[in-house]
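So the structure is just underneath, and the comments pick up after that.
Naming follows writing order (A, B, C, D, E, F, G and H), and every chain is counted from residue 1.
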Amino acid sequence: MQLTQDFLRTKKLPHIWCPGCGNGIVTAALVRAIERAGYDQREVVIVSGIGCSSRAAGYLNFNTLHTTHGRALAFATGLKMARPELTLFVIMGDGDCSAIGGNHFIHSARRNIDLNAIVVNNHIYGMTGGQHSPLTPTGMKATTAPGGTLERAFDLLELAKGAGATFGARGNAAQPRQLEQLITRAAKHKGFSVVEALSPCPIAYGRRNKLGGAVEMLKGMKESSVAVERAAEMDEADLEGKTLNGVLFSIDAPEFSSEYHRMIKKDHG
Amino acid sequence: MAKRQEILLTGAGGQGLILASIVLAAAAVNDNKNVVQTQSYGPEARGGASMSGVIIDVDTIEYPKVTRPTVLLCMNQASYNKYLPKVEPGCVIITDSTFVSGPFKEELQIKSLPITRMAKEILKREVVANMLALGVINAATGLVDRNIFRESVYNMAPKGSGELNQEAFDLGYRLYEEGPEQLCRDAAQTSR
Amino acid sequence: MIRTVNDEITAVLTINQEWCKGCGICVAFCPREALFINDAGKAEKHSDQCTACTVCELFCPDFALVVVKKGAAVHGGN
Amino acid sequence: MAETKPVLMQGNEACAMGAISAGVRFYAGYPITPSTEVAEIMAAKLPEIGGVFIQMEDEIASMAAVIGASIGGMRTLTATSGPGFSLKQENLGYAIMAEIPCVVVNVQRMGPSTGVPTAPAQGDVMQARWGTHGDHPIIVFSPSSVYETYYLTIAAVNLSQKLRQPVIMLLDEVIGHMREKVFIPEAGKLLVEKSSDQIPSDWKPYDEKGLTPLVPFGFGHYYHVTGLFHDQYGFPTGDPPHVERALDRLHAKLEKYRDEIVLTNYIGHKEPRVAIVAYGCTVRSARSVVKKAYWQDRLPVGLLSLQTIWPFPAREIEALAKQADVIIVPEMNMGQLVGEVERYVCGQAKVVPLNRYDGEMITPDQISELIGRWLS
Amino acid sequence: MAETKPVLMQGNEACAMGAISAGVRFYAGYPITPSTEVAEIMAAKLPEIGGVFIQMEDEIASMAAVIGASIGGMRTLTATSGPGFSLKQENLGYAIMAEIPCVVVNVQRMGPSTGVPTAPAQGDVMQARWGTHGDHPIIVFSPSSVYETYYLTIAAVNLSQKLRQPVIMLLDEVIGHMREKVFIPEAGKLLVEKSSDQIPSDWKPYDEKGLTPLVPFGFGHYYHVTGLFHDQYGFPTGDPPHVERALDRLHAKLEKYRDEIVLTNYIGHKEPRVAIVAYGCTVRSARSVVKKAYWQDRLPVGLLSLQTIWPFPAREIEALAKQADVIIVPEMNMGQLVGEVERYVCGQAKVVPLNRYDGEMITPDQISELIGRWLS
Amino acid sequence: MQLTQDFLRTKKLPHIWCPGCGNGIVTAALVRAIERAGYDQREVVIVSGIGCSSRAAGYLNFNTLHTTHGRALAFATGLKMARPELTLFVIMGDGDCSAIGGNHFIHSARRNIDLNAIVVNNHIYGMTGGQHSPLTPTGMKATTAPGGTLERAFDLLELAKGAGATFGARGNAAQPRQLEQLITRAAKHKGFSVVEALSPCPIAYGRRNKLGGAVEMLKGMKESSVAVERAAEMDEADLEGKTLNGVLFSIDAPEFSSEYHRMIKKDHG
Amino acid sequence: MAKRQEILLTGAGGQGLILASIVLAAAAVNDNKNVVQTQSYGPEARGGASMSGVIIDVDTIEYPKVTRPTVLLCMNQASYNKYLPKVEPGCVIITDSTFVSGPFKEELQIKSLPITRMAKEILKREVVANMLALGVINAATGLVDRNIFRESVYNMAPKGSGELNQEAFDLGYRLYEEGPEQLCRDAAQTSR
Amino acid sequence: MIRTVNDEITAVLTINQEWCKGCGICVAFCPREALFINDAGKAEKHSDQCTACTVCELFCPDFALVVVKKGAAVHGGN
């Protein structure tokens, strides 16, 4: 499928991302998913936080809202409650979403508000030059963990699920077609949905951790990923060091903005 | 070197110019001069433009930003286009001919040398083009005592790469003094 | 930014070298080894190899590669 | 204007009702004493009139949600108190930068920190001006009665919309919690100043030529909203001349509409020997003294009460300084707005602060005692 | 004092190294441009010397963790920039109220909001004074060189300990990011002012009689720490006379040690016709002008540079106003500290703001041009 | 076991809590647990946030730290990292912990730092007079949900688990002896442990929801609670409307403060 | 009622005194007077002390806090101890003898009546003691037109309890006018 | 606040009526029905019924009930 350049602000390109940065691959997958789902351009809103990945909002030709660091979901919650007919994609970095933004993430999940969170997980704070994030795997190096971080990482989708999210999927930049499909499914899901998109940051993460350049990082990503369906048939030893890919959970539950508007219509009308 | 020297190192992000400016500044400190180093930050630095300035003086340096460069290094075309109009006659201008193709104004003192190409071809390591550039600059200006500068280059290089960096620095001197053809000839001979 | 394409084939790969940052991802993932990085550090095509399979388009982080249908125009918004 | 039956109303209630009268249909907040009643009333009323009430996870999220809803085209309000107001500062700055209208209510309590949550104070006056980082313009109203709370809230909502500028309602606990008799003119009627509905075809979200209305998301204008410095279309730029123009633009709108924004009121002698400058509940104590001293005892005293404290009523103070010998500034803090008074009085009159910061109101006796001292 | 070899050092690095020299062994923070290097250096150095570095989930948590560690007896520091500084305000107020020492570094960037993250500005000057709710005292240092950053950080840590009062290091991006030659006297030596080790037997955490040292948790004094107004033992009280005394107490310590806190420096003519008042990187531009104008051209000019901006050097300004005809206040903002200058000059001299807010430094040329205008 | 009044600041009593408030029952259980575990009074620190329940800190005769609303765990993290030898109990209300404090809660869980969180869940914001909290069950009334809240509630222990907590238990004020034992076990657990203590707030919650007075609320609490061990043998229908009680999970994992201090000892010397 | 009236209602949290003050204030509004109502907030209100003030005047009311009460109601001993010293002679003082046992100073105009006991014994609902107290106060002072006050009591009562509250209010009048003994006697008769 | 207790039995329930708020929880949960709320609204004991089982102590939200061993003293910290 051709990338719909109508959905890109081509005048703003080339973008600011480093050569080989996965942000562009994820952004392209999002554009294809929006196209595929057939949304009207006017009814799509892109909300983002602050970080390299969040700069995607500036390149997408919709109504775009580049908020403050960590708060994208809270802005989006207000907008969605005010205008439930709009479809919102909320792009966040791993730090943006799970460090400073962690509270809004779990509360969006709890409320099951119909927002589509796209978490670009490059395992690092890219924008500020490579500090560890809550999704940096234990032992990996960062400017603020020169000897490797001692902290444990969140499993973002376990966190989302524990908080009440009703849709959770994981894809990666090395499987862009699948990523696109996961985003499409997330968008169709009514309720809070999370797509964790693993993405290479060769500059602030790959280099310091000797993971090679963008190509090597992408290859590594692909190799270590296993589809959930296939994982079900594998034994523990084989799964060691692997990352599950695909739709990890999808649950039906009342969606908050529509429940609310149903309630006020009843009260009001 | 009595006069205040203002050195501007410009090019693309990733060319190591910020590190070069820090090495230059540290060398000047070791040479007992007053120094201030500044640089442009920002997402632009990511693949985009990179600029850093070093001021060296025997007097105290108050205003820290480069306003009237006495030395300008341009490591890519974009930076050449941007900064050339800002310099005044008398400024020593060094461009990396690997990436900068002019136009070269006659009235300006421009030295165009294949800095990155030499790093790649002779040292097989493009990444030390920045130290090579420092060699060129110092050869052209004598800002810092050569030996002190060499030592600083060694000390500030990433672990294990001190010698390579020093070699690049020295190659810069030779590039400036002997020209690229001589270097290539010599290199061809060695590799034979 | 309007580029029309070759009329003889049904789809063709266009490369926007202004946007390409030379990361080499397309080169590495092209199943036909149809791409290379040229001296200017930009992706370039051995045009006879390319099957317009769009793999490189999916992978290019810079939106620089687009497989365009015959006669189609590539254009963008604001 | 036919007056309706008088009712007993609480200050916080007047704030909520004023907001509703001004068309506010979205409230996001997090409870905190002594502002909680604003939320509680909104929670009861908004759903009944098709509005949205949401209790967010914290004050940061509340501020964010309000901005999000404003971008969706709703009139919005959030209420809090000191600790929550501190938390809202980052996103308040965002609203200022991105020029998103909203009204933020801070019912002040005794601080710093948790302080005395139920005691009145006027300790957040300077914070309301300078709480968020970076140079920024701000409008702050400080009502002194339940009715003033009602109509200033309406003014706040309408101004905020018109200027695309957050407005702060800075109440104190006394005003927020007291109940008094009010006449609500045309109760229930929408008192909404409509900004022009016509969107010009060359509409730009941040037109350098001047103020443009906010076009909500979802109507086909694919613009960008960001807290970064941005160009006319909302796209980031760090270009120095642009940055300067953008900051000038933000401040110019307040300068241009200054007369609509800066509301003050003077009673008393034309050329007072002693004048009082007061705001919030302190106005009440001051007024009771001045009424008696001037109207009854014909003493040369006066009271300039400030409904707007930011932008600071500099001209009014300068004018007063030309008339008065002594200017008393009673504040329920250790001296905040008095600094600004001193700045603009600029040696033209003697400025005397009267500060009380024990969690109690300044009494009329305190003021009249001080007036007496300066009159003799 | 034997000087060691000079080294090239960055401002942010000097801040980190100064902290370490002053005994800081705990850092909690959240990265943000242009302060991140402080964290990165701490992350590298602290573990090597047995200290603790922790990257918290956000700035609010960072401020909280620093306070927690201080209560545990460690010397602590946290660094941030505008947006993060806004977020820290609530807990900063807690530290002030509970009298917990800590040093908070704000390397200012261009605001408001996300602004221009990499551009220099001095836009958080008023926020540093008034950012948290309620009346509160604060100490703010503003260095103008890498070396000043080093020694003011040491002073900040020691003062903070001595007064049990948070101290703000308000850097600007220029100072934070520039590298310059510095001599670090006795590098590596601990420059720790020890508060007396003797805990009196009748020790009270908040003795009404005056300053008492902080006894860390875990040593058998079972006292209470709270952000509520509290009595001598730390227990909550909202009793008005007590509340007033408590606020007085908080402010009195700064008054008492005023001379240790308020650091300024004057160069130039004794009775200048034109004087400059500057702080932060702007001092450098001003100094280069004044050096030339006074030392070389013998013009009647002078420069009062402020290392301490809060508490405001009111006496120094009052004294200067008696000598100077014109006082120029260059600031990389739209005019912040100039308001305070005007307040204390009080009409005694002409105050001329020089503001630049495009994300660039004020140049010597801008200043000398203005001086020239006022000299002629 | 006798309540050790040495551990109470008896001069500060009677406390400010309403008649029949569960906070006192939970506080007493905590005191007994501390006594039972045999801690030295000096090495115990009580940290709390802001709320009715958080006022407990003022009545407990240890080093006590009453912080800001929602931030208790962040203060505690700093203190624990500085003084790993101290034992910290962190008392929070449901709002304090899971609304404004949600981010610190999940990050404490992720780091697995050895703090003992005691979450007094009265399903409401007590201190501010009865607004709904993220733990208010859907449909229940509050001053800010006069028609009953539409929001979904967190399952606090699921949230903790999803975030990486290694110990989670639920008790209630109606079973004070068991609650005491759960706190004891939490304290012994090395790592982040959460005890959710259900507690009646007759004034701000019970009254509005017609749950009766304190006695009825306690009885209701007891009736609806089922021990995990017993629940394992019950079928779904029987478990409807029941709340699981006891230790819900307990996992071994490296504890952050001790790992960190081990690391710096190695580095240092 | 020309003079400014300052009414202080004091007692324990939970006795419904804040609601009483609001009802009183609303009644005064309905009676076309100027009114301001304030109250003490805080965790102390939780089971501890409760205080609320109502100022009624024909003039505009500026300073909203009660300073010189003209009417004081004390519904428990603690509040009696606290507020009695603050009143000046001439103030109408009403105490609930159910909880307040004195000491009663001769020189002050103190009326001690078993307000809560009457509510409990006669109306079987302790919770309406507050409205009963309002009846007593109004009987003693005539602050507000009796009928308007009755109506306000009805309108502001929680749903379904309007009549009960009005009954309590009326009982307050009778308690003041006829005394407790008479009331008990009447009640005994009715229940017979 | 030192209260010594009856010497004849091994443990005894003490009630601190200053702290008791009369919530009635002890009354409801005492297995021996040994407690009641008196006219002053405070808990009080039918002393002959009490077995010193401590149930009420566990339940009292006001720390007002303590079962004390013979001869022990009840005292508190600061």
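Keep in mind that, in the parts below, contacts are C-beta pairs under 8 Å (C-beta built on N, C-alpha and C of every residue); 3 or more make two chains touch, one makes a residue touch a chain.
Just so you know, these numbers come straight off a predicted model, no measurement behind them.
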| item | value |
| --- | --- |
| Contacts common to chain A and chain F (chain labels) | D, E |
| Maximum inter-chain contact count - chain pair | D-E |
| Separation of chain F from chain H, taking each centre as the mean of its C-alpha atoms, in whole Å | 27 |
| Chain A and chain E: spacing of chain centres that average the CA atoms, whole Å | 39 |
| Distance between the centres, which are taken as Cα means, of chain F and chain C, whole angstrom | 58 |
| Chain E: positions in contact with at least two other chains | 33, 47, 57-58, 60, 83, 90, 94, 113-114, 116-119, 222, 226-228, 238 |
| Chain B, residues touching no fewer than two other chains | 42-43, 47 |
| For chain H, residues contacting two or more additional chains | 21, 77-78 |
| Chain E-facing residues of chain F, complex | 12, 41-43, 45, 47, 57-58, 61-68, 71, 74-83, 85-86, 103-104, 107, 260, 263-265, 267-269 |
| Chain A residues touching chain C - in the complex, by the definition given at the top | 1-3, 5-11, 13-15, 17-25, 27-29, 61, 173, 176-177, 213-215, 218-219 |
| Residue ranges of chain D in contact with chain E within the complex | 60, 82-83, 85-87, 89-90, 93-94, 96-98, 108, 110-119, 121, 123-124, 126-127, 129-136, 226-229, 238, 240-241, 243-244, 247, 251, 333-334, 336, 339-340, 342-343, 346-348, 357-360 |
| Touching residues on chain E, where the partner in the complex is chain B | 6-8, 33-34, 116-119, 173-174, 177-181, 281, 284-285, 287-288, 291, 361, 363-364 |
| Complex contacts: residues of chain A adjacent to chain F | 99-100, 102-103, 106-107, 110-112, 134, 147, 150-155, 158-164, 253-254, 256, 259-260, 263, 267 |
